[in-house]
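Got a structure for you, written out below as structure tokens; questions coming shortly.
By written order: A, B, C and D. Residues from 1 in each chain.
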Amino acid sequence: MDILNNLFPNIYNALNDFFHGLLRGANLRPDAESFIVSLIMGLIVVVFLVAISPFLMLSLTWVERKVVARIQNRLGPNRVGPWGIFQIFADMIKMLTKEDIVPANADRWVHFLAPVVTMIPITLILAVIPWGRGMAPADLNIGVLYVIALSSLGTVGIFMAGWGSNNKFALIGGMRAVAQIISYEVPQVLAIVAIVLLAGSLSLVDIVKLQGGWAGFRWFLFAIPVGPIAFVVYMISAIAEVNRTPFDLPEGESEIVAGHHTEYSGMKWGLFYMAEYLNLFVVCAIAATLFLGGWQGPLLPPWIWFFVKTLLLILIAMWVRGTFPRIRMDQLMKFAWQVLVPVALVNIVLTGLALPIFKAIGLI
Amino acid sequence: MLDRYGLIGLFAIVAIIFPLIPLLLARFLRPRKPNRSKMETYECGLEFEDFPVEAQQVWVQFRIQYYIFALMFVVFDIEVVFLYPWAVAYNSLGLYALVEMIIFLVILVMALAYAWRKGQLEWV
Amino acid sequence: MIPLPYFLLLGAAVFCIGLFAALARRNAVAILMGIELMLNAVNINLVAFWRYTKPGTPTWDLAGQIFALFVITLAAAEAAIGLALIIAIYRSRDTVNVEDVDIMKW
Amino acid sequence: MSIDLVLTYVAFFVLAAITIIGGLLVAFVRNIMHAALALMMAFMGVAGIYLLLEAEFIAAVQVLIYVGAIAVLILFAIMLTRGLMTRTLPPENNQWLAAGGLALLLFVALVYIAVTTHWPVGTQALAGTDLIPKIGTELVTTYVLPFEVASILLLTALIGAIVIARE
């Protein structure tokens, strides 16, 4: 059990020792040796995380197609391999071999850079997520702000796609997407303020550590009443921020074709697709970290707990997608500014008032 | 500093290269047969070139509402920037910190109330 | 650590580029972008001076960082008003070229 | 020279290059949308410079406010004022020569001052102190007045902008 619990930190330490031992023979200066080892170890961590992200995303698409199909009384992918599991590889091959069409009137460089710019911030967020005990690649003391700042960059790539395509649908879709994302970002970050108040720290590692014990009842979700309110506000805004149904107006097929990726095909479109699902994973992982105690949990290894909680939240998002109809643009904006923002603001004040009580009962 | 942000820097470099790899890979795998109507701007089945010149202008006039929402967003984003360090320090501060923050929030909620009252939060 | 003048030179370069953009561009939005660049240059200097004043001495506090924070706030307010003015001018005069907006000239 | 110092220098020059190239593109590019994107690039470079100066909070704020919010404001303003890219007129006005001379003169003067002045500085390490609680405390104690005034500034800016833009 202990082997499984600390599987990844142990592998990390073993590799670290291995490279140190390898370089000891070379008789380098001590600082040069530790620099080279930390560079190699950093590269291993980074490449590992970045390399699993496409598989993460592809398996999420498979899960989503299966789940939504069941909700709609269909079977979903079932031809390629058992339960259609190899569908993800078929999808990958299809995206790689499709022709890449760039409209003649497009702003070529902006059109090319848009999917790349969309991917970068989402990949960077993976660096601070605490994947398990001692498994946060970088423990920053501005962790939460880092996540918020990078996720606010998502608008840039979308806007570039809308502008660079030189297409009315793309531009309108891009503008709508940006307006929607910035509107829902406000309640999202205001909801997180309540958690920061409870934790007294911006470091994601500290926030997870504080939620240990009491058989899970120290999760900030159970800091009644402020925890559940913040959680609901966060999840609604997060679903809106990743442009999923019922908030998928920017890509409303029946009105504006496919929104900002109307003019994209092949692998460039694939990158947008990947960014969308990685974004879903990231917002759910952050929700699990902030509200559900991250990797804290009994019996199972910490990193499995983290994935279980994240997957649970992703399944909720898929359930929402399968059951709610798309809402109207005016309802969308009204909901963000006239419902979620006031609720989140009141929640902050409530948290400030309730903090002494939580302290007295030992919750924090 | 360098130990933690060095890793972030490394991450940034890999994050920039990473999306370029599948694009490069696809370059060798995909067909390339451009023709005129394929390269045209998508327009619901109509020929883009048949449009009158003013309709070919993609840059449509957007509603002022977009700007108003961006304004609200900027104001609340700055509010958040002040809220975060306050929230971190709140535990060690007294009730006066809460009062000061409430004053700050009330002033900004007045902005929200103004926009609400003037009907600027309605999309239509 | 890198000597302080490196950061000051960077600040000076960014400030002068911003100044040039603010003085020489025709487009009102670009002028505003130049002003934002100048404010950024000021912030680089503020943060650099904060970092290089001797830590631990009585004079060492967070003034540099907090000033930078207020400058950013100010920059946002300035951009909001400036861009609103540009939009208003565009709606009434159908141009954003600053040379065409000269009714106050004489 | 230690490896850390070399790396810091490399990072500084890369970030300074990003910032200055972004700034130059803002000043000279004809297409206003490209200028706005270049401006974001310059902002990101400045955020990196803040990280080098160990002001991580300001770096995060820079990304959040400048790239995430002000840039979006600028992009929306560009979209609301179309027909900016006049093909016939050059992007610079008639006084560009005088403006360039002035900027260059100022740059030379600033370089002279920065290089010749003896700055009374120290370079102690911050030793990983978490400054964010301190910033929060200072905001509601020493700087409480500017803090509250900032909210009034934002309130007036918002009301003013709405009035101006809607008139």
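Throughout what follows, a contact is a pair of C-beta atoms (placed from the backbone, for glycine too) under 8 Å apart; a residue touches a chain by one contact, two chains touch by 3 or more.
Just so you know, these numbers come straight off a predicted model, no measurement behind them.
*Asks:* Please list the single chain whose C-alpha centre lies closest to the global protein C-alpha centre.
*Replies:* Closest to the centre of all protein C-alpha atoms: chain B.
*Asks:* Consider the two chain pairs A-D and C-D; indicate the one with the greater count of contacting C-beta pairs.
*Replies:* More C-beta contacts join the chains of C-D.
*Asks:* Relative to subunit D, which chain's C-alpha centre is the most remote?
*Replies:* Comparing chain centres, A lies farthest from subunit D.
*Asks:* Distance from the CA centroid of subunit C to that of subunit D, rounded to the nearest Å?
*Replies:* About 6 Å separates the centre of subunit C from that of subunit D.
*Asks:* If you average the CA atoms of subunit A and of subunit D, how many Å lie between those two points?
*Replies:* 28
*Asks:* What's the distance between the Cα centroids of subunit A and subunit C, rounded to whole Å?
*Replies:* That pair's centroid distance is 33 Å.
*Asks:* For subunit A versus subunit B, what separation do you get between their C-alpha means, in angstrom?
*Replies:* Computed from C-alpha means, the inter-chain centre distance equals 16 Å.
*Asks:* Going by the touch rule set out above, which residues of subunit A reach two or more other chains?
*Replies:* Expected reply: 140, 145, 148, 152, 171, 175, 182, 200, 202.
*Asks:* Where in subunit D do residues touch at least two different other chains?
*Replies:* In subunit D, 4, 8, 54, 56-57, 61, 64-65, 68-70, 72-73, 76-77, 79-80, 83, 126, 132-135, 139, 150, 154, 157-158, 161-162, 165 touch at least two other chains.
*Asks:* Going by the contact rule already set, what residues in subunit B reach two or more other chains?
*Replies:* Answer for subunit B, listing residues that touch two or more other chains: 5-6, 59-60, 62, 64, 66-67, 70-75, 77-78, 80-82, 84, 87-88, 90, 101, 115.
*Asks:* What pairs of chains are touching here?
*Replies:* Inter-chain contacts occur between A-B, A-D, B-C, B-D, C-D.
*Asks:* Which residues of subunit A touch subunit B in their complex?
*Replies:* 38-39, 42-43, 45-47, 50, 54, 95-105, 115-116, 119-120, 123-124, 126-127, 137-140, 144-145, 148, 152, 165-169, 171-172, 175, 179, 182-183, 185-186, 189-190, 193, 196-197, 200-202, 257, 262-263, 266-268, 270-271, 329-330, 332-334, 337-338, 341-342, 345, 348-349, 352-353, 355
*Asks:* In the complex of these two chains, what residues of subunit B are touching subunit A?
*Replies:* Touch list, subunit B to subunit A: 3-8, 10-12, 14-16, 18-20, 22-23, 25-27, 29-34, 38-44, 58-60, 62, 66, 69-70, 72-73, 76-77, 80, 83-84, 87-88, 90-91, 98, 101-102, 105, 109, 112, 115-116, 121-124.
*Asks:* Which residues of subunit A touch subunit D once you look at their complex with the stated criterion?
*Replies:* Residues of subunit A touching subunit D: 31-32, 35, 107, 110, 140-142, 145-146, 148-150, 152-153, 155-156, 159-160, 163, 171, 175, 178, 182, 200, 202.
*Asks:* Contact residues on subunit B for subunit C in the complex?
*Replies:* Counting only subunit B, the residues touching subunit C are 64, 67, 71, 74-75, 77-78, 81-82.
*Asks:* Going by the contact rule at the top, pick out the subunit D residues touching subunit B in the complex.
*Replies:* Spelled out, the residues of subunit D in touch with subunit B are 4, 7-8, 11, 51, 54, 56-57, 61, 64-65, 68-70, 72-73, 76-77, 79-80, 82-83, 126, 128, 132-137, 139-140, 144, 147-148, 150-152, 154-155, 157-159, 161-162, 165-166.
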